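Below you'll find the structures, each written out as structure tokens.
After this come two complexes, each holding chain A, first together with chain B and then together with chain C.
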Partner chain A sequence: MADFLSFTVIGVAVGAIYAIAASGLVVTYATSGIFNFAHGAVGMFAAFLYWQFRWDWNFPAPLAIFLVIFVFCPIFGALLERFVMRGLQNTMEITKLVVPIALLLLLTGSASWIWGDPIPETLRRFFGPDKKITIGDTFISWHHIIVLIVAVLMAAGLYVVLYKMRIGVNMRAVVDNPELTQLNGGRPVLAASFSWMIGTALAGLAGVLIGSLQNAAINNLALTLLIVDAYAAAIFGKLRSLTLTFVGAIVVGLSISYWNWLSDTGQKWTWLSGFRISIPVVLLVIVLILLPHERLRGAVVSRFKERFSVPTIPKAALWAGVLVLFFAAAVPIAQRKPEALLSTGLAFGIIALSLVLLTGYGGELNLAPLTFAGIGAVVAYQFEVNITKGHINESLSIWGLLLAAAVCALVGAIIALPALRLRGLYQGLVTFGFAIFVTNMVFKQRRTLHFNLPWYGDGEDFEINIFTGGGLFVPRPNWFGIDFRISNSNYMVFLAVVFALIGLGLVALRRSTYGRRLAAMKDSPAASATLGMSLVKMKLSVFALSSAIAGVGGVLYAAQQGASDENSWVITASLPLVLLTVVAGVGYVSGAFAGGILTGVFFVMLGDVFLKLSVDYSAFEWLFTDVVKDFFIFVGPAFAAISLATSPAGFLNDMFDNYRPLTSRRGLPLLSAWVVFQGLFYLWRITDGIGTWTFMLVSLGVALLLPAIAQVIRPDLYIDAKTLKQRREELPLELVGVDRPITAQDVKQADAALQLPVGVSDNDGRS
Partner chain B sequence: MTAVNATTQPQAPSAQPMLEFDNVRAAYGSIEVIHGASLTIQEGSVFALLGPNGAGKSTMLKVCAGLLPLTGGEVRIAGVPVHRPSQVAVADDLARRGVCLIPEGKGIFPNLSVKDNLKMMTNAGKTVSQIEDVAYSQFPRLGERRRQMAGTLSGGEQQMLAMSRALATDPALLLLDELSMGLAPIIVQDLYQAVGQLAKLGVTILVVEQFARTVLGVANRAAIMVSGQVSKVGDPAELEHELEAAYLGGEL
Partner chain C sequence: MAAVDVLLDVQGVTVNFGGNRAVDDVSLPVAQGSLTGLIGPNGAGKTTLFNVVSGLLSPSAGSIHLEGRNISKLSPNKRAHLGISRTFQRLELFTSLTVRENIQVAGEISRRMRGGYSHIQKETDRVIELIDLGDVADSEVTEIPTGLARVVEMGRALMNNPKVLLLDEPASGQTEEETREFGKLLLRLKEEGTTIFLVEHDMALVMSVCDKIHVLDFGKIIARGEAEEIQTMPEVLDAYLGSHEMI
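So, the complex of A and B:
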């Protein structure tokens, strides 16, 4: 009984913290329609800042709290609203989703940059860890009591602000009708700014409370995810009702606490030890599945509309050949490190191809491709260990790879089930929760599970020991008489071939009947359902196929790394890949390539450039290594995403546009000249006439300058190109007004399309 | 009463323009819907803007209340330009300075209680109790329902709540958009009675309606708007026939 009481108090206290975090999320979502994925990261950042003030600089606790919650957080919230969120008001839904995710990465990256990674610092409880009071035979720590008091005060404060003060009435009015708010003399901008100040302050408060509650080392990702647990409560409140949000938060807190009680704080059922931290995301997914459908409809729906033609198969084959050739040509000149990086980039690219199919072609969302990749790697590893009784030195069997793909396909289809009735944000949250669940339950599984299977082995147990040593060893293949284990170069070319083949397969798939149906489903699920297509079949199959691709990519990535641990597959590793692929152009195979290379190579390479600089200019070493290099590694990808998220079709396509005229018949001589030049230059490098750096820089420079050079030599090519580009940018008529405002030009075009006489719908005709 | 007003108002020596539309152009996105409209409304008068659906009447009011930027021309209130062309909306400032637009159909916050709706009106400067006094004495039914969500009120009660802003915030310029839409005649009568009271107090009022008959009792001057342009200005009774022609012909 005493146990029950203290576990209840602890559960309510944890729930109270979730309530604080979740109400912040609800306040900002309600007033701006933007789901702040970075909410957890804001809380984490605040907790680190609090540690800095309180325990590093030894400020008194009240001062530290004041500085963090009442100074830093509101200012940060106001800036966030002014410079990020306000600009998102009239953008596509995908941008609304992507930018806050980029912000999450920016904050976790910044925390690593500022406080070091992985150097977690201890954040102690208020009044010390051991201060507690006793009621009967129940112990309650002071920290928990403080948490409860703070939560009650916060709830009361929020009530007063929202329901008694004019600014609160204004905030709720803006949700109802921003224009009418203005007509009443209210200032929507002020209300939005104020709600973001409150929202970030609440995130910060939750971060400080839960961070100190750990009374242990705080790790920035773990802390971020702890606050993310509150998302379940916010969804329970349908992102609107604060009362339901509070109820949901307490339910989450109690569930965790009672689970602790039942499982003896994880002593019992050790293979389920990861379940405790998974409870919130399990609840999140359950709530998402059970919540009435209509309730979710008004919320963020994200659609990835395709505006560009899919390449023809011969053209795609040509590009596939060029890609393989490029990597084959790199073999003689690339050194060990760049080779490894490029291979990693290619493996990421293969995983990103799963997004091209799922998101680019199918319009569905998966925020956790690396989770599927990890499952693939685990399956392949288990296959080697158990079925072939192989060792690290043996090679990857094709059966292991196929089994991995099959298992991933199955898991993907299962994940598709809840996703069937969800879209956009909610689908993203399901995959997000799934990633956290799998990480806790599978990738962090340290137990060896024994199964006595009658048909298996010679009476031995079938053992599953997923990450016993904290590592996973997947061997490389030894196929077609080529041993990819010895030579890194061979493996790199092998990955390029695999990428090219899967990419080619995707283009072919997109051009097939299935692909056209997929596109129809993406553009209008309702319409395609009325056309008699089975949406269920389509969604299940596209999820399954895309997960299989991710699984194959995961196996090859694990094999490239040799040994990999659970950190390779966590959600925070997935997010940069998703972001950079979306930013590069998720509708294209080239987008997957760029996404993979950016994630695996670009930012690491940039870091290396600065490392080299720091060696060459040792006086500025601190600047180049500690500041600039770390900046690029930790913060670079997020910055790239935030600044590029405004190019909805992906920046790669905008870049390709400049090259397109060269591939026309009249541009061919120029293109050939460049190919010959590059070939000769390459020969010069091979024969050691010049060094690798010179070769790389000059080649890259010429390639980037090529469109500019062409524009000077053959301006006529580009005049045509401009009109071509314009024609290609024409949206399908039904999307005009949805994706961009209607122009007078559109009206004329619509008239022409409907064969109306000129001027019938022309408003200017009279004046 | 109105007949007297209609003839004396324009000649009154104190009368000067309260609201001027000077060759106004306005657009939604890049579709222009007001193509150079000009109107002058004298201080203290009740002016009716009539015209068929889609003529641009509501848009004229939005421009005047600062919800929509201009693409050409000028709107002056008491001689002062409201916004220069292409400037962002300034509706909140204008509302605080006494311009009150009751938009058509959706003049209330459905998810706020009646009381919170009234509280929103305090942004323009009055206190809650002042506003509640006026609203509840004018429309007692609102007082009985002060805790109810405004969205659950009947259509007439919602319009009363919306009109409360006009009555309680003491505006200098009142813009009313299709007050009568979808309401029973008896309620329309009530509402226009309130408009009449404000007119007597000297508030300048611009009412938009589709049919001239609705405003015959209150307006002392009127204009017809068709296809984004003002086609005729004159006495409300005179314009009634012209309006019929406009509806039948659709064009000028």
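So, the complex of A and C:
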């Protein structure tokens, strides 16, 4: 009984922290329609800041709390609303998801950049770890009691703000109907700003409380994910009801605590030891599945400017050839490390191709491509261990690769089942929860599981040991008489060929009947269904196919690395890949390539550039290594998301517009001149006339400047492109005034369209 | 009217949105081969009723019958297989596809379109010619005017070889001239045997083409009859304009 009481108190206390975090999420979502994926990261950052004030600089606890929760967090929240979130109105669902993800990466990256990771110091409980009171046989720590008191105060405070104060009425009105609120003199902008201040402060409060509760060295990713556990509670409240959110939070807290009790804090059923951390996401997925069926609605895509053109198959084949040629040409000049980096980039690119199919073509979401990739790698590894019986140093078997693809397809189809009923944010959350579950339950599994399959072998056990030794080994192939195992160059070209083939296959698929149906489903599920499409079959098939591609990419990535560990496949590794692919252009095969290269190569290489500078200029070593290099490695990917503001369809879309005139008949001489120059320059390099760095920098520079050079030499080439761009930026008449203010030109245009005589409207557009 | 002649039968349909009753016990037969109109002021519940018929929305009460068969429990795609096609008031075009592809993909989705790829291509060409979209066939659907976009939606619906075609304000956004041509097209489709159920605000069009007209106001059917009868009914005039002037 005493145990029951203490586990209940602990459960309620943890639940109370989740309630605080989840309420913050609900308050911001309700007023702005943006699910702040970075909520957990904000809490983590606040906890780190608290550590800085309290334990590094030894401020008194009340002052430290005041600075973090009442100064830093609200200011940060207001800035976030003003400069990031406000711009996300009327953008595509994926953009609304990806920008907060960028913020998450920015915060976790910044924490690593500023404090290192983990902070060697401990975030201690309030009043110390040993201060507790005794009720009967039960001990309750002061920290838990404080948490409970704070939660109750917070609930009362929120109630007063939302229901008794003018600003709260304003906020609730915005939730119900922003336009009407504005017409009635309410101020939606003020309400949004205020709600982000509150939301951020609540995230910070939860971060400080839960960080201190751990009473251990704090790790930024672990702390971020700890607050992510509160998402289940927020979804339980349907992102609207604070009462239900509180109930959900307490349920999550108690479930974890009781599981600890039942499983003897993980001592019993050791292979289930990861389950405790998975409980919140399991609850999250259950709640998502039980949510009422979402009504079929159109995607209202006509409002958005994210549109992707599809290349013809011959053109795609040409580009596939160019890609392979490029990597083949890199072989004589690249050294071992760049080759390994480029191979990693290509493998990431193959995994990102799964996103092109799923999100770019099909409009469905998966935030965890690397989880599927990891499953692929594990399957291929198991195949080597169990089927080929330990000849793991031989070569990758094609059957292992195919089995990996098949298993991933099956898992993808299973994940699609809840996703069938969900769209956008909720679908993203299912994949997010799935990633955390698989990481805890499968990738972190250290125990060997034995299965005795009666119909298999001669009574041997089927063994599954995943990462038993902390890593898994997937061999590289030895196919078509070419050995890819020792030669990095061979393997890099092999990966380029695989990427080119799958990419070409995707373009062909998009141009097929299936591809058109996929586009139809993406653009308007409602219209597709009323034309006779079974959305169930369509979604299952596209999830399965895309997961299979991710699985193949995963096997090849694992083989590239040699031995890979669980950290290769975690959600925090997936997010940058998703982000950078969307930033490049998720509707294009080249977007996957750029996403992969940016993730695997670009930021690491930038880091290397500064490392080299730090060697050359040792006086500035501190600046180049600790500041600039770490900045690019930790924070760089997040900054890439800024380009989404100007290029929602990805920066490649704009690049294509700039290069396209060169491929026209009139532009061909210029293009040929460049190809000849590049060829000669390449010859100069391989005859050792110049060094690799010079070659790379000049080639890259000329390639990037090519459109600008072309514009100077042949300005006539760009006239068409400019008009094209102008036309693209033109708004449909009915959106003028909604998306931008009405100009005199618009009034003239409208008059003409309505066949009104000249002079009916005055200059201000009033009729 | 004999029961067998009713192709689509809406029986006692009620739809509640929270505490708000959008459609209230509406019964409405659409006769085989007819061109039936449904009119009413904005917010009367016309589109909601279309959503119920096409299966996008489950009614709180009531049922839908096609050729005597209760189809109330069927999903939208199964209803399409049985021959119900529709267009949308708020355009639901496939914006990544061209005009031609929009129409072609409808044939590729539809199970009522028999035959292989070349047959679908031929049908696509036929429909494009029928609805006179040849000039814009290879344009992006986002680049054509709203009036034409509605015609594309109709062409898409026709690729399903519908038994009954639900048109939700197909003429809005069209010029007067376009609407006149559109009226002729509707009559031609009717002659070819397609039953049409039309929601429209353009009274001139409705009055000139519809055999029978139902008037919906605040979710209730307040009147029904032929064009001449409807135009003189005082309750219709009140509901519509609050005055006794209609066209």
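The definition used in the following text is that the second predicted complex is superposed on the first by the 673 of 767 C-alpha atoms of A that agree within 3 Å, B and C clash if a C-alpha of one lies under 4 Å from a C-alpha of the other, contacts with A are read in each partner's own complex, and residues count from 1 in each chain.
Simple rule for what comes next: contacts are C-beta pairs under 8 Å (C-beta built on N, C-alpha and C of every residue); 3 or more make two chains touch, one makes a residue touch a chain.
The structure displayed is predicted, hence computed values, not measured ones.
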Touched partner set for A:Q182, first chain B, second chain C, both or neither: first
Which of chain B and chain C A:F66 touches, first, second, both or neither: neither
Chain B versus chain C as contact partner of A:S534, first or second or both or neither: second
First (chain B), second (chain C), both or neither touched by A:R517: second
Partner chain in contact with A:F275 - chain B first, chain C second, else both or neither: neither
Complex interface listing, chain A residues touching chain C: 295-296, 298, 300-302, 307-308, 513, 516-517, 519-520, 522-524, 526-535, 732, 734
Residue ranges of chain C touching chain A (in the complex, touch as defined): 54-57, 75-77, 79-81, 84-86, 88, 90-97, 101, 104-106, 108-112, 117, 142, 146, 153, 156-157, 159-160
Residue ranges of chain B in contact with chain A within the complex: 29-33, 35-36, 65-67, 89, 91-92, 95-96, 100-101, 103, 106-112, 116, 119-125, 165, 227-229
In the complex with chain B, residue positions of chain A that touch it: 163, 166, 169-170, 172-173, 175-177, 179-188, 741-744, 747, 763-764, 766-767
